[in-house]
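What follows is a set of structures to go through.
Two complexes follow with subunit A in common, the first pairing it with subunit B and the second with subunit C.
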Partner chain A sequence: MVVTLKYFGQIAEVTQKEEEQIEIKETLISELLELLYSKYDGLKSKDFQIAQNHELVTNETAISGAEIALLPPFAGG
Partner chain B sequence: MSRYNRHIILSEIGPEGQDKISNAKVLVIGAGGLGCPVLQYLTAAGIGTLGVIDFDVVELSNLQRQVLFGSSSIGKNKAIAAKERLKDLNSEITIIAYPEALTYQNAINLFNQYDIIVDGSDNFETRYLVNDACIITNTPLVFGAIYKFEGQVSVFNHNNGPSYRCLFPTPPQKDTVLNCSDIGVLGVLPGIIGSMQANEILKLVLGLGDVLSGELLCYNALKSKSSTLKIKRNESIIQKVLNDKDTFEDNQINLNCTNETEEISITDFQFENGIQFIDVREPHEIPKVTELNVTYIPLSELETHTNSIDPIKKKVFFCQSGIRSKKAVNFLKSQGIKNCYSMKESAADIKNYLEHYNVITKE
Partner chain C sequence: MKDKKPKNVFREGPISSDFIGNSIYKHQTKTSIGAHNIFLGQVRADEIDGKTVAAIDYTAYEDMANQKFHDIRESAFEKFELTCMHIYHSLGRVNAGEICLFVFVSSPRRKVVFEALEYIVEAIKADVPVFGKEIFEDETHKWKVNN
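So, the complex of A and B:
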């Protein structure tokens, strides 16, 4: 299936883009992460949460959604 | 009440709503990029009691976004400078400035005196401290955070809603350098995010509209777009904070970017005007470095003599071996006093060097 990946903050700096579409088989979030870690150097050293269709998910969640976002915490004020 | 006429003529607010605003007590953590617009709009709106806590002083580079301050504020404590400006904006409300750092020791007592807490801090240490203290005191938290061109807004701990830990359970371990290093920010961004926080606060006080509880709003200034994501309350995470509440005050806040002390050596030291040299040895220890204008504050008395430390100037600490001077620098950093350095060499080495090289140091 095709999912749209959205990157925020420091994550978008690592991926050099704020959004992309990828083709992925029906699998778990953890496998998507492995794929992204191998694709993007430096992603593994970032802290972030993952949201699928605007809801937080864990590594064990099955990919079902159209949109998956990688959201880092911001410290600035 | 003509001051609040434009609120009162709104049927959704009216005189009753304005009374709610006048009776509200709101504490703002940090008078920085986010805190400034929050404070400004809450003061203008007539929030009855407005507290502001900040240990930091206003610097020239703050004025690009911290719109409450002017050139005359530079060098002043931010909470004090904010209060001075806000009193002119609205003298009918009570403004309380706390020119100190928020700590695990003062947070609970402080939060208990307010209805709503606003997070405008600039580091993860304080953000988790604020969140946990809000859970323990059962106080709603209006959260805002920024990064370069992006911002996040939410309301936590409201009506059994989620907390910041339900979104990000623990402080980031990986890229800790990002809390402190100056990474730059579009000046208007904290104005936008801070105004969104002020909006959430007024909705909470008035009981109007839909509060951003259980949702994180993410705003991108370059795209002028926002998206929201849902956050669910995680009962076990909140319970863990509550279980640890008796030991909460035993925690120590560490705002240092790293645990490394800024060390300098006399041999590559640039003598320039306006440096404060501080000898942290006990009075009986010799030799005294008479070649320099030295402030004498023994390490044992540093805590009670921080007012002898210039908040702005570059400060160089020395002692007999470089250990106490390091401790002094770490202590002052924990108090938010910047621009402190520890001299590697001993007082005797420094004296020797100055004599040998005939360095002209006294202004």
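So, the complex of A and C:
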């Protein structure tokens, strides 16, 4: 499955990009995270939530969406 | 008034007092309204480790953020007897002392607008994916976190 990953704020500083498309065989968010931790040094120590198709998900959620975003702490307002 | 589709809440740069004043003026024709309440979020020149915040550079996951603003709006209309509500949030650089969030609620009666405004602002702070880079006077930065 091809997913689009989006990175914001301090997460984008770690990944050095705001978006990428990757081909994955992983089925759970937790597995995708392991992949990203090995790809990006320093990501594991960052605080973030994950959204799939614009809704927050947990590590146990199955990957179903085309768009997965790593969201650092919110600072609106 | 309810909207089916999410609107774009974001505005580039600070929200001007002219824009805010004009929004109030436009409600003079809506004569069922008896009370407005307004929240203005202003960028604070916090001092952190001896350095002063000069501005906040806002970014957002815009599609999700507009959806969340829409959900907050829908739930506020369900909970409270509101005639109308408007939300505007800045993107990009907003200097200390400038306005980055404008929430405007209106109702026939005053008690409703006090409760509704607090509910809406707290929901925005908690649920909407907006990110703020606090830029210090020496152009170094730190990422802001809502608490």
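In the analysis below, the second predicted complex is superposed on the first by the 72 of 77 C-alpha atoms of A that agree within 3 Å, B and C clash if a C-alpha of one lies under 4 Å from a C-alpha of the other, contacts with A are read in each partner's own complex, and residues count from 1 in each chain.
By our rule, contacts are C-beta pairs under 8 Å (C-beta built on N, C-alpha and C of every residue); 3 or more make two chains touch, one makes a residue touch a chain.
The structure presented is a predicted model; accordingly, all values stated were derived computationally and were not measured.
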item: Subunit B versus subunit C as contact partner of A:L35, first or second or both or neither; value: neither
item: Contacts of A:G9 with subunit B and subunit C, given as first, second, both or neither; value: both
item: Touched partner set for A:S45, first subunit B, second subunit C, both or neither; value: first
item: First, second, both or neither for A:H54, with subunit B first and subunit C second; value: both
item: First, second, both or neither for A:M1, with subunit B first and subunit C second; value: neither
item: Which superposed partner A:A62 touches (first subunit B, second subunit C, both, neither); value: neither
item: Partner chain(s) touched by A:P73 [first = subunit B, second = subunit C, both, neither]; value: both
item: If touched residues of subunit A are counted for subunit B and for subunit C, the larger one; value: B
item: Touching both subunit C and subunit B, counted on subunit A across the two superposed complexes; value: 6, 8-10, 51, 54, 69, 71-77
item: Of all residues in subunit A, those that touch subunit B in their complex; value: 6, 8-10, 18, 45-47, 49, 51, 54-56, 69, 71-77
item: Subunit A partner contacts - residues on subunit C that touch it in the complex; value: 41, 56, 58-61, 63-65, 67, 89, 100-101, 121, 124-133, 143-146
item: List of subunit A residues in touch with subunit C within their complex; value: 6, 8-10, 51, 54, 69, 71-77
item: Residues of subunit B touching subunit A in the complex; value: 30, 32-35, 119-124, 127, 144-148, 150-152, 167-168, 172-175, 178-179, 183, 185, 190, 216, 218, 220, 223, 227-232
